[in-house]
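Look at the two complexes coming up: subunit A is in both, with subunit B in one and subunit C in the other.
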Partner chain A sequence: MNNILALLLTPAFGYAVLRVTTPILYAALGNVISSKAGVSNIAMEGTMLTSSLVGVLASAYTGSAFIGLLAALVVGILFSAFMAYLNLYLGTNVIMAGIALNLFASKFTVYILYMLTGQKGNSASLASKQIPSVDIPVIKNIPVLGEIISGHNILVYVALLSIIVIYIMLNKTKLGTHIKAVGESPHAAASVGINVKRVRFLSLCLSGLLAGFGGAYMSMGYLSMFTRDMIAGRGWIAIAAGAMGRSMVIPTTITSFLFGIFSAIGNVLQLQNIPSELVTTLPYVAVFIGIIVYSIRKTKEDK
Partner chain B sequence: MKRLTSQTKNEVIQILSAVVIALLVTLLVLFATSEEPLYAFTRLITAPMTKLRYFGNVLELMVPLAFAGLSASLLFRSGLFNMGGEGIFYMSGIVATVLATRPMGGSIVHSAIVILAASVVGGCIACISGFFKAKYNASELVTSLMLNTILFGIGFYILKTRLKDMAVTGVASKEFLDTAKLTQIIPKTGVTTGFIILIIVTAIIWFISNKTKLGYTIKITGINKDFAKYSGMSFFALTIIVHFMSGFIAGMGSSIHLLSMYDRFTWSSLPGYGFDGCLVAMLGKNRPLGAIVAAFGLSYLRTGSNIMARSTDIPVEMVAIVEMILVLLITADFIINYLKRKKAMAGGIVNE
Partner chain C sequence: MSNSYILELRDIKKVYDNGVVANKGISIGFREGEIHAIVGENGAGKSTLMKIIFGLEKPTQGAIYYKGKEMNFTSPLDSIAVGIGMVHQHFMLVPSFTVLQNIVLGDEPTKFSFINSKASKKKAEELAKQYNFQLSMDEKVSDLSVGMKQKVEILKLLYKGAKVLILDEPTAVLTPQETEQLFVELKKFKENGHTIIFISHKLGEVKQISDRISVIRKGELISTHNTRDVDTETISELMIGRKVEYEYSGIKQEIKSKKVALTIDNITYTQNGIPLLKDLSLKTKTGEILGVVGVEGNGQSELVDVLFGYKRAEKGRILIQDMEISNFRIKEIRERAKVAYIPEDRMRQGIAASASIKENIIASYYDREELNHKFMMNHKAITKVSDQLVKDFNVLCQSSDTEIQSLSGGNIQKVVVAREYNANPEFLIAEQPTRGVDIGSARFIHEKLIELRNKNKSILLFSADLGEALAVSDKIIVMYSGEIVAYFDNLADLTEKELGFYMLGVKRQSPEEIRRLMDEKIN
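Coming up: the complex of A and B.
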């Protein structure tokens, strides 16, 4: 037990938390934007998965990690735009569309991978590029803090930066005001001349962009290849984080980190003599308990 | 009555056009990616009908899909988006394995005990998400998805530590006893008495959905949550009942599938039937009879694509494209809306 505690109190654990939280954070922030506009994008899982495959493919065929990232982002946006079109213009229930697209992405990525590489499990045969990691000057020399914060993948810092950008976007810009107006009362927003469908379409595309970042990070940063169903529920964990953070940027960020910590603990415990089948469920148990505790408290407050 | 027939007619046109469009796109994809597109297409579409064994494959795969679809459609119909069928299939499978590997009475009694226990456990598991949804409005979508992974972790742990047969390589339970297994009704296939149970269960669900107050309340609540109040049944009671029924059916589907098709429990990952059930429910427009037709269609498509994948250069996952086009065209309203508008412009009566 002391052994495990000692492992959790190292700078390496702090480093792991940042690393593990990043994809959850991207998806959770994406969820915040779409929820603010009043449409819940539950296709985060499928969007990230598709983007992670596209990132690997594009970087392998062009030899450029940057083009890989760009392709992942574009596909993230297109994927969400498709869902937005289905929901806003063709009248498909947004939850139904999300469920269908998630299931589709899971198989379709395997299909594309097989057509291009002849493999169904992973993209190890492709020479895909990785997005580089960077050391932060000055901070990297500070003991402990430097070990935790410095030396991460660029996309980890982009994720941290996007917390601030999205906070400003939602609270200080016209677009943010429109998004919130549409989410809180679409009829009132429409009556003052805001195009409700267009704002919702845009918010879903933005959430797709963030999912694209998350996907690219998974296959070009967290791991160095695409593997089948590699998102493994992170999109859903992010949706839980968004719900518990009441779709507000800062609380959602905090819950994302909370779930990131549990995932990191799970990873540490796996190396110990504890059955790995049980340990891998730890982040999901944390989300399950978290969402229930949150709901109970909210019900009591509402009374 | 006239309204009903007109609505049915529109839906038939919608489903038929969805199938035609999906097949056309499939053909395009095959032409773009395959060396022998026409051969692959004919294998996909006609192969399941060429041999009794292949058709048997369609029916045996249809059973778990139909149970999962019935389970999901009950939930979706009442506006509850629970996707926990996956975890229930696994956990009920573990329960079924525990009982099916131990001697327990004669043939029918043993099967009945196994199926009933797996079903009740399934119902209880579903009620976990149901309870927190009903009482505290916790998102059943999120809790059920988390439970899938948690239940798999626990189930797989039980399989590895308690049920594993040390005599075989790989993770597998001891053999199911012959008294537990279901009797074949088409020789040399996995089509068993389970298929008959499926028909009976579907009839019961159809009756509940269309002929009872509970069914009416489920339908109305799906359209507007507040309506449940006026029907005299609380939202709490309705949510729990629907979740229990849904989990019960999923657990039944899992155990029947295992007792029909397997000699041992060998699932080392989630089986996928729970998620497929969501597709079946959507394809069947959340109706019991729709689920049966959709399960047959999906099973036919999957069997066809399996045969195709064995004899051509196309992987079985290609079927995902066909499935998604079907689901999207059937869940979107635009074909129906187009038909209504056309009728309105021709001077007919507009529905609703």
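Coming up: the complex of A and C.
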């Protein structure tokens, strides 16, 4: 037991937390934007997965990690825009559209992978590029803190930066105000001339953009290739994080980190003599408990 | 003459897609700087008319002139752009936003794409000061009282430059103090040249605040008057007019052994701080139909909700015969107290629209033993019961397996009445049982109600149709702002006109007269 505790109190553990929280954070922030606009984008999982494959493919064929990232982002937006079109303009139930797109992404990515590489499991045979990691000057020399914060993939820092950007966007800009108005009272928004559908469409595209970042990070940072169903529930965990954070930026960031910490603990325990099957359930159990706590609190408040 | 009007409606007709004629050629002129009240019963066509002015509905025929120019509004944005604003009954506000955010919503001033509300705050604050609105611009709307929210709505319109303000039953949600304050403000707007269109059916208020009154009945403009030239009695007569005559005295049997059926003992119900039922007491007897009339929104729906267990009264008791049901669940009220209910909202509460007639007709007692085998439902028995009811109640349909929503309103209502009748109630709550139903079906439903009465059951009949209430009921009570203001046990000489005075708060019986309702001896 002491052994485990010692492992958790190392800077390496802090570093791991940041590393595993990043994809959850992207998806959770994307979820915050769409929920604020009053649409629940449950297609985060599928969007991220599609983006992660596209990133790998684009970087492998162009030889540029940057173009890979760009392609992943564009596809993330297109994927969400398609869902927005289905929901807002064709009247598909948003949950149905989300489920369909998630299932589609899971199978279609494997199909594309097989078509292009002959492999069904991963993209190891492709020479895809990695988005580089960077050391932060000055901070990297500070003991402990430097070891935790410095030396991450660029996209980890982009994720941290996007917390601030999204916070400002939602609270200080016209677009953010309209997003919140449309989500909270669409009739009131429409009565003053805000185009409710257009604002919702835009919000879903923004959430797709963030999912694109998350997907690119998974296959070009967290790992160096695409593997089948590699998002592994992170998109769903992010939705739980968003719900528990009540779709507010700061609380959702905190809940995302909580889930990240549990994932990291899981990873550490896997190295111990505990059955890995049990340990890998840890983040999901955390989600489960989190949702229960959240629901109890909410029921009490509603009374 | 027409030049003196700021806003003029000429021959406005509106026929909805489903064939309902809401306005039958209405022409009204609104003068600059007047408070013009529009009065009429529920369903008279006031709301449709306002929606047309405000650009929410397009008229089928007719034209709107604003400052002498013909307007063609396609959305509320067009009307607000020229200066016509509307305060809806349900506020158009974002609760989590501040007062200022709500006022500038949709047109936020920005600097380098960040919201910069310094100038707009100043402008809004000046407006608020000018009209004595005690509003803090940075307060969250969800923290405000209803009266304050209304002020935010009005301020929002003024901010956008509205010259004509349409207020749709603005006092319905206000306390008396807030109402008084609103009237002071309205007079101030008038002094500043604003035109106010005030929709209401509270005649006392209309008389107090308006300069002119237009009466609308059944989609037609009856007349427009200078307020000082007419009294509330005349107005209420014009509003109510003549109705279809029903006559049932021939089929009402003399009932000998009457008992007390329902006792309501000092019930109080408050919502959002507004008392909707105030210390209300009444008794009904078996073998009698007690009619409850009143303008909508004077506590009738709350009385039904409290009676049938949808809502809990905070004070008082309800008894069916000797059984207290104040804390019963709906199922207990139905099964133990043997109460049945014909709800007002046929399509939402009365039926399951996409289920069959058969399923709907047994819905309130589907778990009866005779309709079930041990585990499965007994379809033979269900078919037998429903076919019999369909026949008894003259429901026009292909078979009892037909989806109920394909029937006409009258036939749907017959299914609802058949179901509740067949529940063998001791006490029936009938809420607007013939609203929107053709005359033939209405007569049939009335006869069925009287049949129940003749079986020595008790019925509470809520009706907005005074002709119906007078013809079907044995006794009538009038509700006004959460209280019983009149009790008539002899309907022979009672007229709709007389009822109207009580419904609109013009007249009120003495407490002693009303108390007879509780004290009366049972023969």
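Quick notes on this one:
Going forward, the second predicted complex is superposed on the first by the 303 of 303 C-alpha atoms of A that agree within 3 Å, B and C clash if a C-alpha of one lies under 4 Å from a C-alpha of the other, contacts with A are read in each partner's own complex, and residues count from 1 in each chain.
In the analysis below, contacts are C-beta pairs under 8 Å (C-beta built on N, C-alpha and C of every residue); 3 or more make two chains touch, one makes a residue touch a chain.
Nothing here was measured: the structure is a model prediction, and the numbers come from that model.
Applying the stated clash criterion after superposition on subunit A shows that subunit B and subunit C can sit side by side. When the two complexes are overlaid on their common chain A, residue A:Y111 makes contact with subunit B while staying clear of subunit C. In the superposition on chain A, A:V138 makes contact with neither subunit B nor subunit C.
For the superposed model, the angle subtended at the Cα centre of subunit A by subunit B and subunit C works out to 70 degrees in steps of 10.
In the superposed pair of complexes, A:L5 makes contact with neither subunit B nor subunit C.
By the touch criterion defined above, A:I95 reaches subunit B but does not reach subunit C. Among subunit B and subunit C, the chain that touches a larger number of residues in subunit A is B.
By the touch criterion stated above, A:K180 is placed in contact with subunit C alone, subunit B being left untouched. Shared-chain residue A:K172: touches subunit C; no touch with subunit B. Taking the two complexes aligned on chain A, the least Cα distance separating subunit B from subunit C is 5 Å.
Against subunit A, the residues of subunit C that register as touching in their complex are 76-77, 91-97, 101-102, 105-108, 110, 113-115.
For subunit B in complex with subunit A, the residues that touch the partner chain are 33, 76, 81, 83, 132, 135-139, 141-143, 145-147, 149-150, 152-154, 156-157, 160-161, 275, 278-279, 282, 315, 317-321, 323-324, 327-328, 331-334, 337.
Those residues of subunit A that touch subunit B in the shared complex are 42, 86, 90-93, 95-97, 99-101, 103-104, 106-108, 110-111, 114-115, 120, 233, 236, 239-240, 243, 275, 277-278, 280-281, 284-285, 287-288, 291-292, 294-296, 298-299.
The touching residues of subunit A, when paired with subunit C in their complex, are 172-174, 177-178, 180-181, 184-185, 187-189, 191-194.
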